[in-house]
Amino acid sequence: MHKSYNVDSEGYYGDFGGAYIPEMMYSNINELKSKYLEISSQADFVKEFDDLLKKYVGRPTPLYFAKRLSQEYNSKIYLKREDLCHTGAHKINNTIGQILLAQRLGKTRIIAETGAGQHGVATATVCALMGIKCIIYMGEVDIKRQAPNVARMKMLGAKVKPAYSGSKTLKDATNEAIRDWINNPVDTHYIIGSVVGPHPYPDMVARFQSVIGLEVKTQLLEAEGKENPDYVVACVGGGSNAAGLFYPYLDDLKVNIICVEAAGMGVKTGKSAATSILGKEGIIHGSKTLLMQSQDGQITEPYSISAGLDYPGVGPMHANLFRSKRAEFISITDKKAMDWGLKLSRMEGIIPAIETSHAFGVLDKKKFMKKDILVFNCSGRGDKDLDTYIDYFKL
Amino acid sequence: MHKSYNVDSEGYYGDFGGAYIPEMMYSNINELKSKYLEISSQADFVKEFDDLLKKYVGRPTPLYFAKRLSQEYNSKIYLKREDLCHTGAHKINNTIGQILLAQRLGKTRIIAETGAGQHGVATATVCALMGIKCIIYMGEVDIKRQAPNVARMKMLGAKVKPAYSGSKTLKDATNEAIRDWINNPVDTHYIIGSVVGPHPYPDMVARFQSVIGLEVKTQLLEAEGKENPDYVVACVGGGSNAAGLFYPYLDDLKVNIICVEAAGMGVKTGKSAATSILGKEGIIHGSKTLLMQSQDGQITEPYSISAGLDYPGVGPMHANLFRSKRAEFISITDKKAMDWGLKLSRMEGIIPAIETSHAFGVLDKKKFMKKDILVFNCSGRGDKDLDTYIDYFKL
Amino acid sequence: MNRINKVLKEKKDILSIYFTAGYPSIDDTTEIIKQLDHSNVDMIEIGLPFSDPLADGPTIQESSTTALKNGMNTFKLFEQLKNIRAITDIPIIIMGYFNPILQYGVDNFCEDCKKTGVDGLIIPDLPIDVYLKHYEEIFKKQNLLNMFLITPQTSNDRIRLIDKISNGFIYMVSSSSITGTVKSFGEDQKKYFKRINDLKLKSSLLIGFGISNHNNFKEAINHSQGAIIGSAFIKFITQNGIYKISNFINEIRGKII
Amino acid sequence: MNRINKVLKEKKDILSIYFTAGYPSIDDTTEIIKQLDHSNVDMIEIGLPFSDPLADGPTIQESSTTALKNGMNTFKLFEQLKNIRAITDIPIIIMGYFNPILQYGVDNFCEDCKKTGVDGLIIPDLPIDVYLKHYEEIFKKQNLLNMFLITPQTSNDRIRLIDKISNGFIYMVSSSSITGTVKSFGEDQKKYFKRINDLKLKSSLLIGFGISNHNNFKEAINHSQGAIIGSAFIKFITQNGIYKISNFINEIRGKII
């Protein structure tokens, strides 16, 4: 039997993963590592998690057959509608899971980083729901370009703290969140928003997000008489929406996996976030993975028009999917992504998040067959990106 | 047997309703009247409608037990989560129905009025989905205060035309839409966004929205072992979200109905939209109903901080619910509504539309018993209102 | 015999002028009627201004808004018309939306029409069935004619019904446009006019909507017994005031002056 | 014997100073070491700047950013240290995050440490298990000591494990704060120091994080064999330049000048 593409008992995906953390984080990470599986499999946890996903988040999200898109591209295109989740993106699946965990660990204060603001909103939301204090770190640049989400976090009672260092985006917000955790090692849980960070975060987040792929299985069976599509496609920032969709298909080699990265202005322009092409093995935020870095090992400032993909690394699962060639990686420029944002709006009446828009670029880069079933993860809605779209297209 | 609170065969609810339209609209209204029931009960229509509601809109929307709110107000409070519908409000239930009808009537051009912009977005959305041309009329004041929704309509390819007359809000947008229809009587269908306008609109829209109440029945049975709550509560602009929730309970007198209107600055300030208190019987937009008017019969300019409730009339169903005392009408000021917007955000992690916020004001105005089951229609999400909230609370 | 019926019986090439009561100034109503009388128009339609005139184009909308701002209302209109029959014998029709009439009380309203010498009503948003059921009798009692509209979309069956219940003229809406201006009638409209004429109705037909100059007035009277001018007249008095009305009327009639 | 072990064996009240290589100016490294030597500090920690120093407070972060902008990198650091042992005998420790070291190659890095006379390493994000599994042998081969951190949250069991594998000192993080300043040690910290001392470890303990003046230096050496000062030192050279370092050191030591 071939090796699994899922995490091993040491917290690694092939060469990638692990927990490269300073001692100041050890007690928290160790506590999580030793308890996350046990807690999240307890009956009361499972019940509360499932219940909230159903009654609060609005799951299952539909698997929608995109008729006009399918016609134009002459294959069967399905959209997994994570944009319909409460708060507008897949991020909340994870925050629901982590807040329940945090409660069971006795934590009374929550911190998180956010790029697009979706994870920040999702975290602020579950904190409001549970009546727990919440601090969100967000890069100064992202605070500007995702203003609606900043407003939402404030409405929800969270404190939004700007990160002024580096590129002032997701990476830097993550640094600040880690520093906060180091400074508050007892009462605080850090809700990481993607399948990044030290073990057990990538696995924990992937498990909470796996509901996406598991639902697709059931829904596709109903729609097409079989559980497995030919392709699963998702954009990859840190990689959590992708991991959620891919999860049940990881070791089923007949299902082709496509990861879509942000090429920014173009992979060779120096203004890009296409980690698989531009990255090398290294350590970022406590995890061994692929990341964009100088020869020296300094982390490079990434660039993408979309705040949620503007990250110089990918999760270790994805690094391994890339190195092992289990997944195909495609990168899509700002321009192509923006065009797809408009196209999906006009063809299917769905305004996607700019992150999500990237995924559809695959349709122009690859030829599919008429009988091919493609499932795209429609990871989030574009309400947060309206200003960017409107400015860009001068609408 | 008492008289039904639903529409009669002539298009009336008690004294209210009918079709007070100029001859220029006769052929369209007559076509609709003679065909809407037949078409919307055909198997292929029902199948496509149900399918789109499920796979595109994301229905059924959850019935969520609001734990913290229930604790604070010492009764059982459920929220019907229409805010989770695709596009963010209940409005899309109706536009899905009407676009399918329009297609079957061979129409190739769609017009609509909008106040909060939710109906405009919902209309633009179904038009994009079906590839049909779309023009939305919106008051100049509303274009300003609901900017995100204007942006969304543009993204979706709709043309947004400002209405400059009168109070430059929903009423005036409706006038413009009617004029457009009069000017384009052959190829155009007018998708009215609430249970207002000439018969058959109020009944047609109520039927398309009735999915809300029908789902509640099933969901409440699952949650509480019975189909009927003690109270159903909804905000009333034109009255469509309310009609949708109340529909299956109209003639079940054990279920108490509460309609919440916008008091604006206060019912006696001259800056209000509380039609049940300030209105008299008359004709507005082709329907006999209660409306705010001068002694002369000139329609009064209403006022509410919420664009979706800023309408001088109510639908004829609601006029009858009021006159017959079947429903209790409560009016809530701007201030109370805004406070509830913040409160619901902070207590349940749900940022409601300002329209929706009004409904919760009932909790401060009326005492409920511990065993009382209340279902609030959470008609829409507050993303469109973030600027208003943020400015108001100086967040 | 009602003045309207008398005119319809006696005249061809009828010119009916619409204006909004209370516009440009609140007390212009009688003066405008005087001028119209001197200009020999055949009928007068007085618009009772309404806040939400949804079947009207922008010109009439704006005149209504101004009139309301000027303080115009139903009570005032009847006051202004109190002695109108001392001034003119031209048939007078009030055109108004139903809500203000309803609030005045339909009974009262018809009574005051009778008292002041108003001959007929055009209430675009009063549907035929409601009229027949609730108001026909009241109208008849006060010897008020009710004029119905037909449009290119109105079916022959419906037109025959309207013809049957009509006791004045039928207001033939020229096209589906309420924008206020039409350059010239097109093929579609001519077909529509022919279709209606072929029905050989008992009622007279007047064409309204979009008529603005001598040319299309001539076209209109080719297909009917007369025409109604509204927006173009209001534009004229907006620009030229109310004392040069005869110029406008002469131009429409094609009289060189 | 490794210089670090020698100092630990011979001295009490150890003062170890941290600075960021390449800050304030790229070529300040040797001069700063010279000054520290003249000021009789007991150990020197050179920070290899990193773009994302997530276990550091704002002062060190900023110095790292400046150093990187100045062009600092690993290769350059070893160049600057090439002749350092002609200048000073004080133990030198490189403190750096793991990624730059990994990219340089851990083997190469350790070899260059040995060549230049570096005595030990502090790599905050190199976990113990990875170190033991992959790198301990390499470190030992080059006679490099690896210093581990403990914090108030570190359990006694884990401290005993760290003590066992340590071959230099244990870096006792004074509190859970990396903000760079602590006024004075509180009850919690004193309890923590006592708990650690009661474990009777074989390794020496130096206290770091937040020590900034004579008072808390004195407190620190009451509970340990010495203290490490970083942020306060960097603030000092930011304000006073690198030629008055002895003033800073004297003040910390409490020498009246």
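By written order: A, B, C and D. Residues from 1 in each chain.
The working rule: a residue touches a chain if its C-beta (ideal position, glycine included) is under 8 Å from a C-beta of that chain, and two chains touch if they have at least 3 such contacts.
Computed from a prediction, not measured in an experiment: that's the story for all the values here.
**Student:** From the centre of subunit A, which other chain's Cα mean sits the farthest off?
**Tutor:** Comparing chain centres, C lies farthest from subunit A.
**Student:** Quick one: subunit A and subunit B, Cα centre-to-centre, how many Å?
**Tutor:** 35
**Student:** Distance between subunit B and subunit D based on Cα centroids, please, to the nearest Å.
**Tutor:** 66
**Student:** If you average the CA atoms of subunit C and of subunit D, how far apart do the two points sit, in angstrom?
**Tutor:** 96
**Student:** Counting only residues that touch at least 2 other chains, which ones in subunit C make the list?
**Tutor:** none
**Student:** Two or more other chains touching the same residue: where does that happen in subunit A?
**Tutor:** none
**Student:** Considering only which chains touch which, label the overall pattern as line, ring, star, complete or other.
**Tutor:** Basically the chains just string along in a line.
**Student:** Kindly provide every pair of chains that touch.
**Tutor:** All touching pairs, sorted by chain label, are A-B, A-D, B-C.
**Student:** Could you list, by residue number, the parts of subunit B that touch subunit A in their complex?
**Tutor:** Contact set of subunit B toward subunit A: 54-56, 58, 61-65, 68, 81, 83-86, 88, 124-129, 131, 148, 151-152, 154-157, 341-342, 345-351, 382-383, 386-387, 389-390, 395.
**Student:** In the complex of these two chains, what residues of subunit B are touching subunit C?
**Tutor:** Listed in rising order, the residues of subunit B that touch subunit C are 18-24, 26-28, 165-166, 171-172, 175, 178-179, 182-186, 280-286, 293, 295-299.
**Student:** Looking at the complex, which residues from subunit D come into contact with subunit A?
**Tutor:** 50-52, 54-57, 61, 65, 68, 73-75, 97-104, 124-127, 130, 148-155, 158, 173, 176-179
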